[in-house]
Amino acid sequence: MTFREIVGVHPLPGSLIRQLLLRCAEECLDCAASCIACADVSLSENDLELIRVIRVALDCADACEPTGRIAIRQSAPDIRLIRGVVEGCAAACLACAEECERHAVDHEQCRLCAEVCRRCKAACDEFLAH
Amino acid sequence: MTFREIVGVHPLPGSLIRQLLLRCAEECLDCAASCIACADVSLSENDLELIRVIRVALDCADACEPTGRIAIRQSAPDIRLIRGVVEGCAAACLACAEECERHAVDHEQCRLCAEVCRRCKAACDEFLAH
Amino acid sequence: MTFREIVGVHPLPGSLIRQLLLRCAEECLDCAASCIACADVSLSENDLELIRVIRVALDCADACEPTGRIAIRQSAPDIRLIRGVVEGCAAACLACAEECERHAVDHEQCRLCAEVCRRCKAACDEFLAH
Amino acid sequence: MTFREIVGVHPLPGSLIRQLLLRCAEECLDCAASCIACADVSLSENDLELIRVIRVALDCADACEPTGRIAIRQSAPDIRLIRGVVEGCAAACLACAEECERHAVDHEQCRLCAEVCRRCKAACDEFLAH
């Protein structure tokens, strides 16, 4: 995605933290879009079993999208704020991955969505470890 | 706001948790809109001192708005997800309140915004205490 | 909501356009939250008839929320951008109102949501008329 | 991005409209992230000339992101709603492209952002032409 090139122009020098944040942002935006798609496919199946998937996927999209926005910004960061939001995002990705994995055998959208959520959680965790 | 009436129709019975979540949602939506307004007024002042306010207020709006969405939903909740996101929101509100308070004497938008952030943090904390 | 007080501090002088935009913002934020609640209550009813309501209410929330953000900002506005987004929002509110009205007799969440969508559309139209 | 694979699982058959919407969604998500990055880099430069860029880029991100969400969904679409929102998004991309182009020579973030906005507007227009 193009935002990496634009962030590369930022007057503040690059750093490992920035690289981890941009990786996190990329996964968050991929995950948010995947969760919206998963909730939509699941809605169209009108299966009582999938209500929890839909709810959690909508929440996970709502958690990931702003985390991506926040991780893109480099000016005057507040590190506690960023850590708090990324922790919340990791919790959302874990919950969505676990719920989707319960339906992964029968619902391909859930299998794909769980994979993206696991990747996004890993990127959040890697940032939080530093 | 009208969403309370609509949530009142939800087939799941009401509870203390729901009341705390709806209070949280209301404060989150008020806080998100206030942070957008604070960032915008601060931007128009073109004051180097306010760059950090603008950054943190944009982040806080981005954290509060989806927390409001998630707190409104009552179907099939995942409590770890909700707690994680509300904790992230509380961290964002605290950071924004502290930054805005530094400028509250000279910038009325910061004084007002800090108050809303403190209220929103309190509503998040009250939910998290249960 | 508190954002009105904060916008009142903006260095640019107030105007009729600003009053119309702030009214629009208020209705957009109320409508977005109401659509999220309506989609959630409808999801919990697991009724095939309500799939279209859920889809359109999710879309309407997604259209209204950023329109509210844009209408709150007063610095350096681009009037074509604002008009374009408000027109899109009005189209979303109309579609959601009409879909919800089809289910208003049997589903109280739809009756309430349709009312808010009509109000939001009216606020958008009033801005667009100036 | 992964959402294309997930949408490929949707029970409704694919179509030209779907391909155009998914292209539009991809550009919208790229554009939203680019506008956030452009506003952030511009903010850090603290240049009075860039206030309009920041305002319009924030608005454009807010217009593109939900348009991406709406374009991803395939269940029970309301075509007037989708067209209205995509038209608003195209207006936002045009405004942001034009404003960024004014600063493209001196500000690399604006040059890059304008390119993405033009691409996103083209994808919106291509959908609207069908």
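For reference, chains read A, B, C and D in written order, and residue numbers begin at 1 within each chain.
We adopt the following convention: a residue touches a chain if its C-beta (ideal position, glycine included) is under 8 Å from a C-beta of that chain, and two chains touch if they have at least 3 such contacts.
Everything numeric in this text was worked out from a predicted model, so none of it was measured.
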Most widely separated chain from chain B, with each centre as the mean of CA atoms: D
Interface numbering overlap (same over half, different under half) for chain C and chain D: same
Which of B-C and B-D has more C-beta pairs touching across its chains: B-C
Centre distance in Å when chain B and chain D are each reduced to the mean of their C-alpha atoms: 26
Separation of mean Cα positions, chain C and chain B [Å, integer]: 19
Two or more partner chains touched - positions in chain A: 40, 43-44, 51, 55, 58, 65, 69, 73, 75-76
Arrangement of touching chains [line / ring / star / complete / other]: complete
Chain A partner contacts - residues on chain D that touch it in the complex: 1-3, 5-7, 9-12, 25, 29-30, 33-34, 36-38, 40-41, 43-45, 61, 65, 68-69, 72-76, 108-109, 112-113, 115-116
Parts of chain C lying in touch with chain A, wherever the complex brings them together: 40, 43-44, 46, 48, 51, 54-55, 58
Complex contacts: residues of chain C adjacent to chain D: 51-52, 55-56, 58-60, 62-63, 65-66, 69-70, 73, 75-78, 80-92, 94-96, 99
